[in-house]
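Can you keep this structure in mind? I'll have questions shortly.
Chains here go by letter, A, B, C and D, matching the order in which they are written, and residues are numbered from 1 within each.
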């Protein structure tokens, strides 16, 4: 812990970064995100086993970017987000100072994307057995049962867009939901608008989602949103051999093709 | 009460399937009148959201059709489309949308007969499945704003 | 509130027989935004079109829907009519109520209903149509021809003779390509040099052709009509204007024993050399890798002997920048590396050679002055085994495809051998004889009948040397795979024709697509054989697939015509049905976030990067930008774009959305 | 390190020295070879000509036994056995129902997971990289490496070496300090099973092989197959009779060559068991250069002269 603080202090002092994105104590024993801008504030940084949030999303927020060169405490999924964002030309190599936080609480500086890529290869990028099981359960259902399941879940949705705000991949300045010529996604939070929104979101994250789970965590109504995008990870891996957030110069699975891509439903 | 007539919308590419459907016409091959065709330049242009829109506006079935692989007028549009459909079909299926109601096909400009078959088979299948009640229900209950979205 | 006109065509009986056209017209007339509707027997007829034009003027229509046949049939007709009536042609759409309705459905209400539906769809679409103007792109009437082989030469001459400027780039010191290495050509057996060299000279002397030899294309930017090309002129260490090509330097050069590439290693050249006697231009270059001066820092014999003082040791590569309106790729082919079939012992045994080497042996200007002598001891071979399909048609031994030219040149080799060595016996091991082409089969028959070539249908299992002979072991599949063993003096491998080394790199430099074999891909295998998917870039000759000389020349002339057609106008007009990236007020500028996922879906490299800069010139945002010159309007990018920042004219999001709404909400 | 060993019939009979040398070599590199318990005939050449199911079941049982022992890799020195085992594994992998059927026949669980290694693959995988440091007595002789038919064919299944002109054994011989000569009969037929029934044919076929070897100044022929060995070695009198020569070139197993190089003595390697006496003249430790491919330049000189 102390060495993290030392490191950040030093980084801020020698002006190599002007803001560091890390974790701090929030109210009611919760963990919150901290934006450390002066070495004085550095010691309020914490890193405990509860610090699981993927902070990469902040790297693209204009209000954060405005503060100057950023440093970030990145967990595994944050690293993958950064790789994916890089592949979408949102972050340049060296632009951000990456400190990787391992689960055991140790920190390593990752000077460039190469080192990040090398590290990611050593990690398990899959979804948890628990998540796999929940997906399997859903897949075992009949279409109708699934329809009802999601209907029930979506009934809870209040279209607060917290999932969108939390997702590091949802960085568009103008989301499709805000497009009104034509109005693809009904604004109202009625079944139609909600279903459209979530289908659209899932489809837009297909092949880009790094299964960090921020969307589900952010949902005030506890809708298991992550399952929608997680379910697509498998097929995309098996059919196209593509996994999101592995390389900084990856080509997006849906903007490339193989002449012999396999499917069994086109006659 | 009369038999249920499924509403089917076909999204086809201009160069192969649209031309193929023209050939069906010039060869006077009959097929069910339930299908209305909307022309796109290429299957690559067909946005997944247009399929969502079709269902929520009362389509009981959808046909998406374009050039056979390697025949795309733009050389790769249908390849990209194919990937998109592989993924979207997964998503629809997982979120409980009846993928049986969407027929994807490759129909070339020379396959007038095939087009007729594709249409007739799809109409038969969807007639079997009946009206898409699931979608209808939520569409109706959302009708008010759904109207709102029609004429922005 | 739009003022749309709906015109329902009976097409004689074709539509009205099953569709109640009057009713369709009437119902459509009641649609919101429809100002005028009528039906008529033949809309496409003169009176029909006049009716349309008058209605447009009279009712001040701002949109037209013609419900008739397929737009693939008459859309141009009616759009033209609208234009003549002063209405932007792109505000006119057609409902296909014939092919898609009246012809495929019985006469009943459903059919008429469908027709109404189809009209309604188009009415809603037209409401969202925008007036568009066709795109005009200026054309630089200069063609760049890459490759100076027979294909490049033919293309260059044809284009130049149409009165257009041509810039030819050849990477070797001389043009001529593989054809200049050939001895005689099938099926006429006329001497390759004799028919080629005049063409080479013509290129060099043609007023419209600028020749850059010993040069390579560094980069290509821009698009059809407006390519910007950088050419690297490799240093020849020579002032070409001063050099008279007397050749004194080449005779005096002390380094003499460098394997001659042109002779396929069967002869020598000095360090300062002209690749072959008939070379164009006939001026030497210094091969810096072998030149004593460049290695040891002294010698300069050539400089001393040169009567015109043309040698320039300090000369550096020069980058020439040219503008071109069209590009013709004519980079030709290469022969397959022989390590695919080690059992044939190429490289291990001196007397196992490949087809091109045999061409040199048989060539009057070759290392043996046209006498067939084997490389090992210079003896005249009494038995030669020719192995066809050495690497072709067998993925395990090279490539899957048929190299196409081997059957013919192998037959030719056998003939040439027999003509030069009368008592010699040529054997040919083959899979099938593929001699499709004018006078080709007859040619092969001659090789078999008149020149007594022993054709054996079967593959070679192994070749090995035994006391000075090459033992060729194979099987004769026509005699029940009977083992055959031939004691040959020389073996000639008809190695497969493959894409040039560096073909892939060049394809990426000029942005054309290529197949798994690294041959350049044509836009359409049947109907666009000389076009590529990149507008303004054409293919000639064997860079596309193995081709013989007649085919290469034909393709070259084809490509030349395409170029000439492109150059026939000062401006090139294109349908405006292209994609566009929206623009908005700052600070957003555009809903494009610059993720460029659209870039790799574009088959035409039409998506570029546009940098938005602030007053201080700092980049504040990078957007996608569609190059109208390149975009062909497939719309794949549109469907992929998450923020709907890209849209496409003629099939815009608004248009298709309205269509679906109209189609379903009746 | 534990590796399975399937000796097959010949190792126990005519080719004892093969097994001995393999064992000795393995020992030098502390590899424990575990003979598959209760192993049976691989079916050799007979079974698959008589009865399909039998020809599948015999090797399948062997592999099943190995799996039961938890042997992930098994070395099969006999080329014929190696061929049969590999082919069966491939065939069963391709057809689940057949696989099920066979497991029911052998009444054992068969997965087809164990790796089947021929002698060369075995040496490459477990010995090669540690080999050179252990070389004490470079085997500096001109060696003709003879692969025979079963080691490299069919290529699409075995995926081992270059089918028409293999080189893996040559590479090993070079590692052992030998000079693998370039010759033409690496994969020609030796007569194989006709060894007993048609010695005349064997004499002719093997004769051509030995003739080329001796023409090219080979001092030893190196093999990796007991069948090849018996034909080239045991049938030498017939061969010499056919050729009307007296070729004395000994025939060694690759394992013996490697063994000699790491200083194992002739007895341990069973050299004394060969029919053709193994008499290798002592030589100064200087490896003759392999004749290099003629330079194009040389060609040209001839021509221009």
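Here is the rule we use: a residue touches a chain if its C-beta (ideal position, glycine included) is under 8 Å from a C-beta of that chain, and two chains touch if they have at least 3 such contacts.
Only a predicted model underlies this, so the values are computations on that prediction, with no experimental measurement involved.
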Most centrally placed chain - per-chain CA mean versus overall CA mean: C
Comparison of A-C and A-B (more C-beta pairs in contact): A-B
Separation of chain A from chain B, taking each centre as the mean of its C-alpha atoms, in whole Å: 33
Cα-centroid distance, chain A relative to chain D, in whole angstrom: 56
Rounded Å distance between chain A and chain C, as computed from the means of their C-alpha atoms: 44
Whole-Å gap separating chain C and chain D, where each centre is the average of the chain's CA atoms: 51
For chain B, residues that touch 2 or more chains besides their own: 48, 53, 76, 80, 84
Numbers and ranges of chain A residues touching at least 2 other chains: 176, 181-182, 184, 254-256
Two or more partner chains touched - positions in chain D: none
In contact (per the touch rule at the top): chain pairs: A-B, A-C, B-C, C-D
Complex contacts: residues of chain D adjacent to chain C: 155, 162-165, 182-184, 212, 215, 293-294, 296-300, 302-305
Of all residues in chain B, those that touch chain C in their complex: 5, 7, 9, 14, 18-19, 21-22, 24-26, 28-31, 33, 36-42, 44-48, 50, 53-54, 57-59, 73-77, 80-81, 84, 116, 150
Residues on chain A engaged by chain C in the complex (per definition of touch): 88-90, 171-176, 179, 181-182, 184, 204, 251-252, 254-256
Chain B partner contacts - residues on chain C that touch it in the complex: 70-73, 96, 98-101, 103-106, 110-111, 113-114, 117-118, 121, 513, 521, 523, 533, 577, 601, 603-604, 632-636, 638-640, 648, 650-651, 653, 656-657, 659-661, 663-665
Parts of chain C lying in touch with chain A, wherever the complex brings them together: 588, 591, 593-601, 622, 640, 642-645, 653-654, 657-658
